[in-house]
Amino acid sequence: MITVSVATSRKEQLIDITRDVQNAVSKRGFANGICHVHTAHTTAAVTVNENADPDVVHDIILSLDSIVKELPGFRHGEGNSTAHVKSSLVGNSVTVPVDNGQLVLGTWQGIYFCEFDGPRSRKVWVTCTPSENG
Amino acid sequence: MITVSVATSRKEQLIDITRDVQNAVSKRGFANGICHVHTAHTTAAVTVNENADPDVVHDIILSLDSIVKELPGFRHGEGNSTAHVKSSLVGNSVTVPVDNGQLVLGTWQGIYFCEFDGPRSRKVWVTCTPSENG
Amino acid sequence: MITVSVATSRKEQLIDITRDVQNAVSKRGFANGICHVHTAHTTAAVTVNENADPDVVHDIILSLDSIVKELPGFRHGEGNSTAHVKSSLVGNSVTVPVDNGQLVLGTWQGIYFCEFDGPRSRKVWVTCTPSENG
């Protein structure tokens, strides 16, 4: 298991960590199987989405804000309940295939760390498990 | 694969099953890799979120109810379409790293079974796959 | 890793690919562990939900359309931002246990490819990793 640090600079932000994850896979000399990327936090998430046009990330943040609204009935004293909800909706981890030592992603896919209650110092854990012909 | 039973007591409820999952990992004598927790049901889910303040779980349930609304166009005769949607949004399974026999979770993270159409007798399946140095 | 092709015929569509995934598992002669199903696309997703009543799939599509709305602030020029958001909410991949060569799914569970910006030619990658007694 390799720990990758992520420093976020805004309240809400998606940061492309594909290269960091690939570096972790390469550092292990891992060949074939799957790579699991897990965030240690409950007001953040990890997702796979488009890495070509930065407007996509802008629109995802905007859309999530319009979907997950502050509610009068919220009880959690820290005031970041929407970030907790976004974390469970987007998900705490992603898993990606690895083939011949390389992450297998579609043409437009990148792995994103999703900050929903920043800025903070965050981390993700990268773990690889081999396929039978690994 | 180990089966863990979960008895829910309300229509909607998040139940912390971290200890049950850890027990399954320990029972197998599993050391290093990833642990996959999958619910066998289509009106339930599994997620990772805060286990310190129970108000977080309250707010998640409230928020999901405000997001996934009953619609006049729903066709499914059982009347539980919102539970099916929540299941796909939150997700049927989570995967968590395991290091030296212990689930690796952030300070505030717990694994939750999410009931969206209870109360019912439910189950989750726990499967571990080793990393190369496992 | 086995590639499965999926041809979608509508703008939005959920297609049951359980049999295709099982065929990939069987083709590999894979016995015990987990099976990871990943879509290569950022305007599509993979989920597990009910395969008995087709009205469930209808209601999921309808509900997602009511949740993820077009917003005046969207910037992405291709006009498919809602599809990108749905992709991250539902998720790019699912993982399912495998026991004695068979996918382990609940009575009503099927694996669905989710098209949110079709029709298109799509693909998913199937990767299996064994448990210790695999």
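We just call them A, B and C in the order they show up, numbering each chain from 1.
The rule we apply is simple: a contact is a pair of C-beta atoms (placed from the backbone, for glycine too) under 8 Å apart; a residue touches a chain by one contact, two chains touch by 3 or more.
No experiment lies behind these values; they were computed from the predicted model shown.
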Rotation, 0 to 180 degrees and nearest 5, that superposes chain A on copy chain C via CA atoms: 120
Interface sides of chain B and chain C: same vs different residues, half threshold: different
Distance between the centres, which are taken as Cα means, of chain C and chain B, whole angstrom: 19
Chain B residues counted as touching two or more neighbouring chains: 67, 89, 91, 95, 129-130, 134
In the complex with chain C, residue positions of chain A that touch it: 32-34, 47-50, 53, 55-56, 58-60, 62-64, 66-67, 89-91, 94-97, 99, 104-109, 129-132, 134
List of chain A residues in touch with chain B within their complex: 1, 28, 30, 36, 38-42, 67-69, 71, 73-78, 81-82, 84-85, 87-89, 91-93, 95, 125, 127-130, 134
